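First chain A sits with chain B, and in the next complex the same chain sits with chain C.
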Partner chain A sequence: MSSDARQKLFFREAIIRALREEMDRNERIIVLGQDVAEFGGSYREFEGLFERFGRARVRNTPVAESAMIGLGVGAAAAGLRALVTITYMDFLMLGLDPLVNYAAKARYKTGGQIEVPLVVKTTAGAKGQGVAHSQCIEAWLMAVPGLKVVAPATPADAYGLLKSALRERGPVVYVDHKRLFPTAGEVPNEETLIPLGEAAIRRCGSDVTIATFSFMTRIAERSAERLAAEGISCEIVDLRSLAPLDMATVCGSAGRTGALLTLEEGQLSCGVGAEVIFRARESLANLRTARIGALPAPVSSNPILEAACIPDVERVTDAVRGLLASR
Partner chain B sequence: MDRIELLRAMLLIRAFEAALMRRSDHGFQLLSEGQEAVAVGLCSVLGERDQLLTSGRSIAPALARGLEPGAVMAELLGKTAGPCRGKGGRGHLAQRSAGFFGAHAVVAGNLSIAAGVALAAQLQEPGTIVACLFGDGACGAGALHETLNIAALWKLPLLLVCDNNGYSVSTPRSEALAPKSLSDLAGPFGIPARTVDGMDVAAVRDAARELAERSRTGAGPVFLECLSERFASHSTAVRETRSAAEMQAIRKRCPISRLADNLEAEGGLSASARKQLEEEVRRAIAAAVRFAEAAPYPDPSEAVSDVV
Partner chain C sequence: MIYKLVVPGPIEDVEEVRVLEWHGASGRAFEAGDLIVELETYKAIVEVRAAQHGILRALLCAAGEWQKVGLPLAVMSDDGAEALPDSLAAVAELPVEFEVS
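And now, the complex of A and B:
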């Protein structure tokens, strides 16, 4: 088998592979969550782990997000390494106290005595499930010192970022997107880690940089295809890691194109794009910028209203044309 | 721990807090004056490899756990000689190597953390237990109920100790908590529980020992409620709301006087031995204050160290 051999995997398979490899390598890793054992997870993303590692390491929990995260934090602080899965990112709000007030501050507040190697794995994004099952609150988490946040757009990144997250010293929130689960992608057969804090250029272009992440990377790719037909060349930067942010890659690209569009599914106010654009402007003079995110409204389960709320190819292509027309 | 040692531990806490409060730079503190017996009785049954987590009312339990008074004073005054290099303060005081996993200044915030530490203990250090000390204020929070449920399901080696001083800041227990007895909260989860007089250090010790041993030998979580009295207001930032007459009656229940008087009456402690004990404690606290005063403050660059 050559070292660049690849295999097509769905997201859930990439996640299972990452966890299986890391749990084989490190017997201190435990998985806590609702329906993670025999059932194999809501997206079947833990399938086979219970059979391989047993009930001591793959534990079903009651529906109690605060205690689930608190237990994971405490166990990690005391020498284990916990992955806690929160089925919907909306429910992460119930567990923000142990995550933000304890895990993110533990090393600092104890003067380096206690570290919390915890991964909270969750899912963001709209997929017909309504106002409290659709939110993207990654930007809230980016504002917490001590917390790292990653959000992959491909199975290879899901695999590589989750593996890296499981080797971090401190807490990481790993965010899948519900609409990505039915998709597949090439993943290297060889063990490959993707470092936190490194963006990836998904498409090279010369007229505009689109900085995005997670499922919106797909929307950016489709938008770039359509714009290419009009003679507009888009470069797509997939941030992958939101904290830390790889501003060197964003600024390298935006410096070449002179225009930066940010695209996210979450809210624009204090959002990922607001942060990326502000930081880019600190380094780049005369940068033209625009940002796209959800409308300032809840995301309904009504398909008409959901589609109206979150960004689509129309809005992205319009925004790119507008940005370039401002030249 | 015999009763003379228990008395000494309580005297040390009382004198430590008094010395702290004599300083103009004492900062934001939650004191344990009146509640020393709960911390001392509990810590007297913990082994070296056990861990203790507490609420933000952490000074008494930290000293009772055996942390050096000088290091604790340094931490409270923001000096780098504190176990957290002056970054945690009272609210987040911790010295893991001494079995004091530490305080967390969110009411009920340390309960599920303690259950996680107990899970690690169950998997990695069988025979050890984790104790978590919290106030009655935490008993209205969902965190307690979530923790009781999982700890019972997983039979975690967890000793939950409620130091019930009767008030959440100014709100009396009768306005905040419906259960007749707070130890009743453990019942529905099948968790063994007791309520004891928290002003009687021997009673706290004996009950804590019995419950701790049950947990240590595989019974799962246990729950101890200690009925105590807080002699000071909730914190240095909050005014006292109880009447002078009420405070006078409360102070008559002092756990230190109670034990010392009993010992003297039984002939177990002579007047001169009592004086000597008080003098020893006075010297220890004076040394602690000198140590803390001599220690440096952190360099401002430490504001961003140990963050990520």
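And now, the complex of A and C:
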């Protein structure tokens, strides 16, 4: 019988724990990135790993994202298991060629002879740092055959999803968020993996399903609290995996509530919500739907413009009321 | 006079902290400038120092436990013999200086 004992950790500590356990378990795991060794990571999320595993396994790289990911692809193809960390998701764009054309396609191109067990860990989200340091481009990656994409919203999921990602046969992009690092949460004491492709119900409700992920999950929770005071019951589905998407959980919820709102921090065009809602409509008749995402503009470093662009509790609650009024 | 030692703030982005280490046990007297407790935020250590005399009377959060900004960590008093109240609602906050490193 497994214990229910849990320990409260900061988000970054959950990441360290997952990496330490997996690197203890598998000596082929290496970490590559800017400031990962002595410095311990830009968010202190690799602290202690260099001291424990040494320079051969925790390696600083220069600021060269295409080369960093290329190096990770090659290392993984040659038999190591690489985690490449890209501090800002915006700069993942520089590494899309090795990620898409080599990591994601390797098994297809070689008829299964080459596999690329690569995790690209990257941090998304707006937090005052302006147009080139604020983007959420998960939706761009969801369409790549051979690539998996996950996004934890809690320390427990950061821990469990990273462990699972580090055991996958193929490439995974693991997306955390700047605004999640200040958060803390309970993590099981016992070693726990969270399977890829499984969403989680964060809050049970009956009037509307809010499908969301990453930091926006917290906006959804605050919105649900405010709406509960008005007598509106929200069910929150934290997608956790964007590719593969857990449409069974989303449709199970939306089938009961009859109303589906998707909430993402990224752009709406060809976004996560567009995909989720289209797929939901393929299974469910009579579904009222709406999407919330960033306004169609780059995210400014000006705090007023940033706040206007990014979804907030007011926009979510307005959207829910509007969606339910259209009943 | 009775005081409550609360988690100081505001500290940017910080809603809650974990107690790292108490620098004294119940009964210890602190003077202005003395380090009372170290707290951990998500990215830094906060040193909380007394801004005036106070005797530590009761720890409310042990090392390793969590507390939110503005909420009490310990009960202190000017005099070691003062009776402690049942509720901290009306108790003043002990003036402190804090440094984030």
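Keep this in mind: the second predicted complex is superposed on the first by the 325 of 327 C-alpha atoms of A that agree within 3 Å, B and C clash if a C-alpha of one lies under 4 Å from a C-alpha of the other, contacts with A are read in each partner's own complex, and residues count from 1 in each chain.
Heads up, the rule we're going with is that a residue touches a chain if its C-beta (ideal position, glycine included) is under 8 Å from a C-beta of that chain, and two chains touch if they have at least 3 such contacts.
What you see is a predicted model, and the numbers here were worked out from it, not measured in a lab.
> Please determine whether it is chain B or chain C that touches the greater number of chain A residues.
Of chain B and chain C, B contacts more residues of chain A.
> Between chain B (first) and chain C (second), which does A:10 come into contact with in this model arrangement: first, second, both, or neither?
second
> Contacts for A:44 in the overlay, against chain B (first) and chain C (second): which applies, first, second, both or neither?
second
> Determine, under the contact definition given at the top, whether A:182 touches first (chain B), second (chain C), both, or neither.
second
> Looking at the overlay, what does A:26 touch: chain B (first), chain C (second), both, or neither?
It touches nothing on chain B or chain C.
> Considering only touches as defined above, state whether A:62 meets chain B (first), chain C (second), both or neither.
Only chain B is touched by A:62; chain C is not.
> Figure out whether A:148 sits in contact with chain B (first) or chain C (second), or with both, or with neither.
The first partner, chain B, only.
> Go through the superposed model and pick first if A:77 touches only chain B, second if only chain C, both, or neither.
It touches chain B, and chain C stays clear.
> Who does A:101 touch here: chain B (first), chain C (second), both, or neither?
First partner only.
> Which part of chain C faces chain A closely enough to touch in the complex?
13-16, 18, 40-43, 66
> Where on chain A is chain C touching in the complex?
8, 10-12, 43-44, 181-184
> Where on chain A does chain B make contact in their complex?
That would be residues 30, 56, 59, 61-62, 64, 66-67, 69-80, 82, 97-98, 101-102, 105, 107-114, 145-146, 148, 170, 244 of chain A.
> What residues on chain B touch chain A, complex-wise?
51, 82-88, 92, 94-97, 101-102, 104, 106, 109, 111-121, 123-124, 142-143, 146-147, 149-150, 153-154, 305-308
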